[in-house]
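Note sheet for the following structure.
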């Protein structure tokens, strides 16, 4: 419940910034590794009013193991993939205006290259603004098992990436802890907005 | 009163986002179907300070049936039309900068076509981002009975639309429940801002 | 004190929107007409932390008549001029990014013409979106008596104007009541942002 | 602790505006001059949740003298340099989208020239909007002692500057008091956004 309370607080904050409007986005955190138990935000809930007790507990196959009705978000498969492939302790997914715009604008290049910004230093393991972060873009799909495969392949191909974009859909990032995942989302949203507003200037 | 409290909370949230400035916009919800009773926001009230007890109760002819003075908003006729034609349980009307801009920019095309965004999946009945939402634009007018007729004709012509724009005026959306109507407004405002910022890029 | 509490609440709200940053802007309201007593925000105070007891009481010559130290804002002369010439009960002055930009961009035309927006109907006495509001622009100056004269001449020349811009400085609006003045500021800020973002589109 | 409480409140406010996302930025204030004791925000902490007791006390060599673990922010050296060279009582450093963009866009010119805005009058010692503020841009570096030297040289070369930009990094400003430093940041952020949005218009 403590983890769920933390996730709910992050959700309310991101909702206030307009990154989780219209019940979009989802949030998860690892509660237990063996066997895997993930606190997962329910589908279709207003993120400005999300309460800790609404978080589902799911297993490694995205089955609900808590006393909740319904089925978990289809995107649970993506969360699980990230948890397994990256060893993440928390996974956050936002829909912002700027991440939506850039996920389409840079699709032909396969991703957004971000370099030379001090803000990059806030990403785990990055020591200098001279770091180059490549945020890969994955084509959107409603076939979740297939999308989870694409995401897995992308994570494999870009082992240093701290997040990825789903085209015209949104941003995923993660961290060892919830605080780290929140920090990563804030940094990537900041940098995407900065790049979006900058590139427009030189149109 | 519970419905009015919900409407007031939505109003405060939308006001904070700048979608109901200057006492603009209005909000309603069905309290009873037979005979029809609609909880309707009063005219000319600061939406950041709207209190539940200020909501009027009106009948199907927009007459006040609660113990309130004055007359209901002229736009009550539009709310009633939407409630009847769409079977809506709640109707919300916002004035945002982006919906105002796009309602004018796309007027010659008769509406704004929105397609390919994951956000669309939050609209009731939409299953894929490949959905095409056409948000029709109705010419603005101060002749409310005539405007209600235009709106009715537009709803008829676009039976799948989840909302419409009044030109240089604002956005209307609705839902079976207040939560659904709120979700629809947030999604449409998000998509209009996204399209507005994107189309400018390619100017 | 009740009036001062209302002004302080408006100040906190506008500060949150970024319209009164850096102790900029000022707010006043008529407490008594004969002899004139104006509750006036003190100079150089953080508008996000303004408390009712900090409001000065000034007379028709901008002299402090309450038990406060210091001197009132130099711009008190502008507030007094508006109170006298327009019969205003409250005067509000904001510094927003958009009003600053447009006050410069439209200076050569002498003002910003706003027409065709439903939002205009929220301005006192306006009945239709077909109304044309002309928001005159006054050249900025540090000579306050001279600036008060310019403002007086502008108010005379544009008797229907609901506000004016000081070039590269900010927006003034007013109303019979504080609620009306607040509504006018919100409407004019909304319309200036809308016009600012629209005109850029057609660059 | 009172000073730390003030710094924490400023941090939460700036975080809400998006100027301290992702644990970026830092804040300090002089608690004692002889010997120098600076209350310094800890490194890597969420600025939306910063608590007074988390502030470190450091000496003139950036050594922690309070009962805190770890090491202070590398940028403590910049804070100390500003405190010494400018006699500042508080130093604030923000990462906003607009300061990041302009710190790069104007790098070839060595800084951003700001003139003709009323907002400038809120900067300490400025009496007229005709003032010209030159905000120098310092090339970013991870070599903090070297960067402190560059900053020192820049402060020397521009004795009238109320702040400076680190390229693609952020804004530093300061004041005799925390209130003055906060005011300066708000004014400079406002002016940078205004210039950023204006210059784009004339692209």
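Going in written order, the chains are labelled A, B, C and D, and every chain counts its residues from 1.
What we mean here is this: contacts are C-beta pairs under 8 Å (C-beta built on N, C-alpha and C of every residue); 3 or more make two chains touch, one makes a residue touch a chain.
None of the values given here were measured: they were computed from a predicted structure.
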For subunit A and subunit D, chains touching each: none
Superposition of subunit B upon subunit C: rotation angle, C-alpha, nearest 5 degrees: 90
Interface composition of copies subunit A and subunit B: same or different, split at half: different
Subunit A-subunit B separation of Cα centroids, rounded to whole Å: 31
Between subunit D and subunit B, distance of the C-alpha-averaged centres to the nearest whole Å: 43
In subunit D, residues with contacts to at least two other chains: 200, 203
Interchain contacts (touch definition) - all pairs: A-B, A-D, B-C, C-D
Subunit A to subunit B touching residues, read off their complex: 18, 21-24, 46, 48, 95, 97, 100-101, 104-105, 140, 142, 166, 168-170, 196, 199-200, 203
For the subunit C and subunit B complex, residues of the former touching the latter: 13, 17, 116-119, 122, 127-129, 179, 182-184, 186-187, 189-190, 193-194, 197-198, 200-203
